[in-house]
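First chain written, first letter: the chains are A, B, C and D, and each begins at residue 1.
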């Protein structure tokens, strides 16, 4: 008779091997390496928690220090490669295969190691895809996660940075895997239960608190007047035009400028209550003035942001907070919310081609995707209507009697030249060369051209929804590509025609006086202004201070 | 040159100069003239204590020996680079030293500087560069920054800096460059006592360095520009 | 460093121009623009000193458009540039030439 | 309210002086640029990063110099320094009510390091000559790049320093100390540490800054005006008093390793609160606590 519980029995065997190291569920930090060597088996699929914010850094160091003779050939399935240890495990032969989403800080080293054959990459995913595969064909055998605190029963309290922990633990615990958590403190009772103790096998108090990167903090002092101009165009030419109520913003100074113009410029246009009410967004400090001005009704977050804790606690009507008063973030759910429940995504990119495909890939770096493609893609499965979604759909499909359907607004916002005069518009994305050199099956495209609805540059807005032919689309893109070679290659007559038809709109077409585009328009011009706007509740990380 | 032989050569008629670690002061006699001496050795970094101590010594000369010439013999690799010195306002201590030297000048003390080891940046600024005249021994070293470090900071290729420094005295380390720029009046060689006596005898008036730099072809613009700003009608 | 010169004809002189207008700062990604009246026989002359080498065609395109917006004659425009993007170049020139044509120092 | 921190040198002067009263000497149209930058393939500025001229402050005659931090961090080169020296010497001839130095400088410009270093020493002597002639020299320090190197010394040679809390004043910049001595000595990325070490509030508490104002050009204007009646005193007794004050600073705080230790020793309650206080609250909190 077939044994239907091999996984359970294997789990029991692993736990038995670790029995001597455990006191209840607690394992001393000094025994962490021994624990991993006891419970891991060669070839295991391992999820090491780490994203662009929170890091299970102690467990990462510990995993990188195990004996490769005992633990090897691991298959890492993790959101982000952020720490050197995430690649050290491959260098030491502990792991050999990788499925992941994002590797920004380690992108160059990853590319070298892939080229050297030290890492076999399964696939590069978006967050939601990878989380999805945790429940289908990439279920972790062992998960190494991070939390703020644990009690004796193993109940975990994550604090505001809940992030990926629930989805990782759920996938592991309910498939007879093993969950090991590093925690900053051991407590008698946790302030709230983010992960039930029954889902957690081992708890280790780490010698130092887990690292959190303040990735979403943008110093308003660095926002340029060009970015102010582009933000004015976004607000007047897109947000007001479509009545955008529910949205997500990418990271960057371009979108921070929009956030900081809501209480000033958008207010002056009478848009309060008409735009930007509901957000799937990390708690951007730059959003504080808009929240205080009454623009924002709700914000659900993928993760938290360092320094925003007290402010979030004091604004429970806006943020999702627990009985302890602190935020509960959740990357998987916020990604789903951003995909299905938002009408607009706006973000920056590095390169856009003539078909509107955009990519942040550069040669010699495998950076991955993160969550932007989940936000920056039309939700084909969406069925509920909203005015913005319907208007976009009408513009795309015309009134030709086809089946009515809406469309998500996906806006790419770029200056035509980046730093050092690198053009943002190109004939051919670097992603093609990267795919070739790294042996990828697909060029790593962040947002596909057929999902992009608008391209916004300092020269104007190209509404791709209204383009009816590939040629129109190309000229619309060239028509906002400024003085880049792509922009200079425009057909001037056709671009003027597109402008007459409202497909291309310049600042003056939108009634925007460029001379108004100064930093004086920003609701906060420094991090200190943000602190003031928060009534002293925002406590920025010290690297962002000038006081 | 070690301090003892330097002092012996400067003051063949004898001196009472006491050293305390890297610091020394006292007086020496050269051809019958009593000269106050304040200085340091061992390329010492000048932190707040040392700046303060030198300032005190200058004030002491002004109080007790009106009119006595002062010879600065400061050997320094520059200001002390430390968080604690910045915390306590090292720039204020340096400025205080400079003010004391200037006070001495205004009160009729001839102030001379002699670079005998190193003279670098802030340590040079607050001391010998404030003297009426500054001299140097030929093997002394004067700089703001060496060329490799300068290349790193300015991102200008080292080869380019090296090549240009062969003809331009404007940025590269070197006593001769500072002489051409007018900051070093002359190099002292041979009979140092005679050099000192001669320097003490030359009348001084105002800050001659721009004119000197122009005359020697090291600084072509400083005098012209300063004069225009001073005198142009507006 | 590269030095570029451009000349435009067909503009009109400003009736009572200010002695000069200066806009911007010679800092990274920025530039300074100095505009002065000059007896150039109806020409508008632009002299660019730029740290970004090899962008002559881009400058030409940007300046063509600037001249189309501000067709001035007997004007000398001097630029010190540290790799400013065309967007910033256009902005500074608009600021400078608006002020010049308006006859008042900004 | 116009932010002094964000403004350019020319913008600051425009807001500081009586409207239209500035007459610039060697303006950009004269094109007195640094010849040394060109040699090193580096862009020059038409004013070499400093504006000098004559103007009026509430009707009173002043000479002014404003360094532009955006150009090479306000660093002093041959022309830049000579403009400043010439301006100070002009005061000896024209005897204005005061000289205002709007400093913003990382110190000596490395591309012309020797010329810059000597120029700073000429500025130092010129400042002291102007003060000795009875004309006050007032420093305003609230720019983005702070005031370091030789200009940090120059600032403390003057009659008074007006700072905002955003302003910084020191000798060696934190990055220089970190690069040379290591991150343990001074972590330049820890901006809270940087500001409580060299920022306006600490400088005010130590007595290095005479006045602390909001980051507002008109606040700087008011503070500068109030200081114009200051009578320079460069006598032996004045320097003896300064010497005693610096001795007492060394004695009281010489063993302190952080500004918080100093503030605590000054009798400030909850010193860790000081950085976040608005200027007005800060001044009220520390009014009788300065060194």
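One rule holds in what follows: a contact is a pair of C-beta atoms (placed from the backbone, for glycine too) under 8 Å apart; a residue touches a chain by one contact, two chains touch by 3 or more.
According to UniProt, the chain labels map to these proteins: A = Malonate decarboxylase subunit alpha; B = Biotin-independent malonate decarboxylase subunit gamma; C = Malonate decarboxylase acyl carrier protein; D = Biotin-independent malonate decarboxylase subunit beta.
Because the structure is predicted, anything quoted here is derived from the model rather than measured.
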{"item": "Where subunit A and subunit D overlap in contact partners, by chain label", "value": "C"}
{"item": "Chain closest to the middle, measuring from C-alpha centroids that were averaged per chain", "value": "D"}
{"item": "Most contacted chain pair (by C-beta pair count)", "value": "B-D"}
{"item": "Centroid distance [mean C-alpha coordinates] between subunit D and subunit B, Å", "value": "24"}
{"item": "Centre-of-Cα separation between subunit C and subunit B, whole angstrom", "value": "46"}
{"item": "Euclidean distance of C-alpha centroids - subunit C vs subunit D, Å", "value": "33"}
{"item": "Distance between the centres, which are taken as Cα means, of subunit B and subunit A, whole angstrom", "value": "58"}
{"item": "Per-residue overlap in subunit C, given as positions that touch at least 2 other chains", "value": "none"}
{"item": "Category of the chain touch graph - line, ring, star, complete, other", "value": "other"}
{"item": "Interchain contacts, given as pairs of chains that touch", "value": "A-C, A-D, B-D, C-D"}
{"item": "Residues of subunit B touching subunit D in the complex", "value": "48-49, 52, 55-56, 59, 62-63, 79, 81-96, 98-100, 102-103, 106-107, 121-122, 124-126, 129-130, 143-145, 150, 153-154, 156, 160-161, 164, 168-172, 177-178, 181-183, 207, 209-210, 213, 219-232, 234"}
{"item": "Residues of subunit D defined as touching subunit B within the complex", "value": "23, 25-26, 32, 35-36, 39-42, 52-54, 78-79, 81-83, 85-87, 89-90, 93, 108, 110-122, 124-126, 128, 132, 149-150, 152-157, 169-172, 174, 176-177, 180-181, 185-186, 197-198, 202-203, 206, 208, 234-236, 239-240, 242-243, 246-247, 249-250, 253-254, 256-259, 262"}
{"item": "In the complex with subunit A, residue positions of subunit C that touch it", "value": "29, 52, 55, 57-58, 61-62, 83, 85-88, 91, 94-95, 98"}
{"item": "In the complex with subunit C, residue positions of subunit A that touch it", "value": "224-226, 415-417, 419-421, 458-459, 482-483, 488, 514-515"}
{"item": "Of all residues in subunit C, those that touch subunit D in their complex", "value": "1, 19-20, 22, 25-27, 30, 32, 34, 36, 49-51, 78, 80-82"}
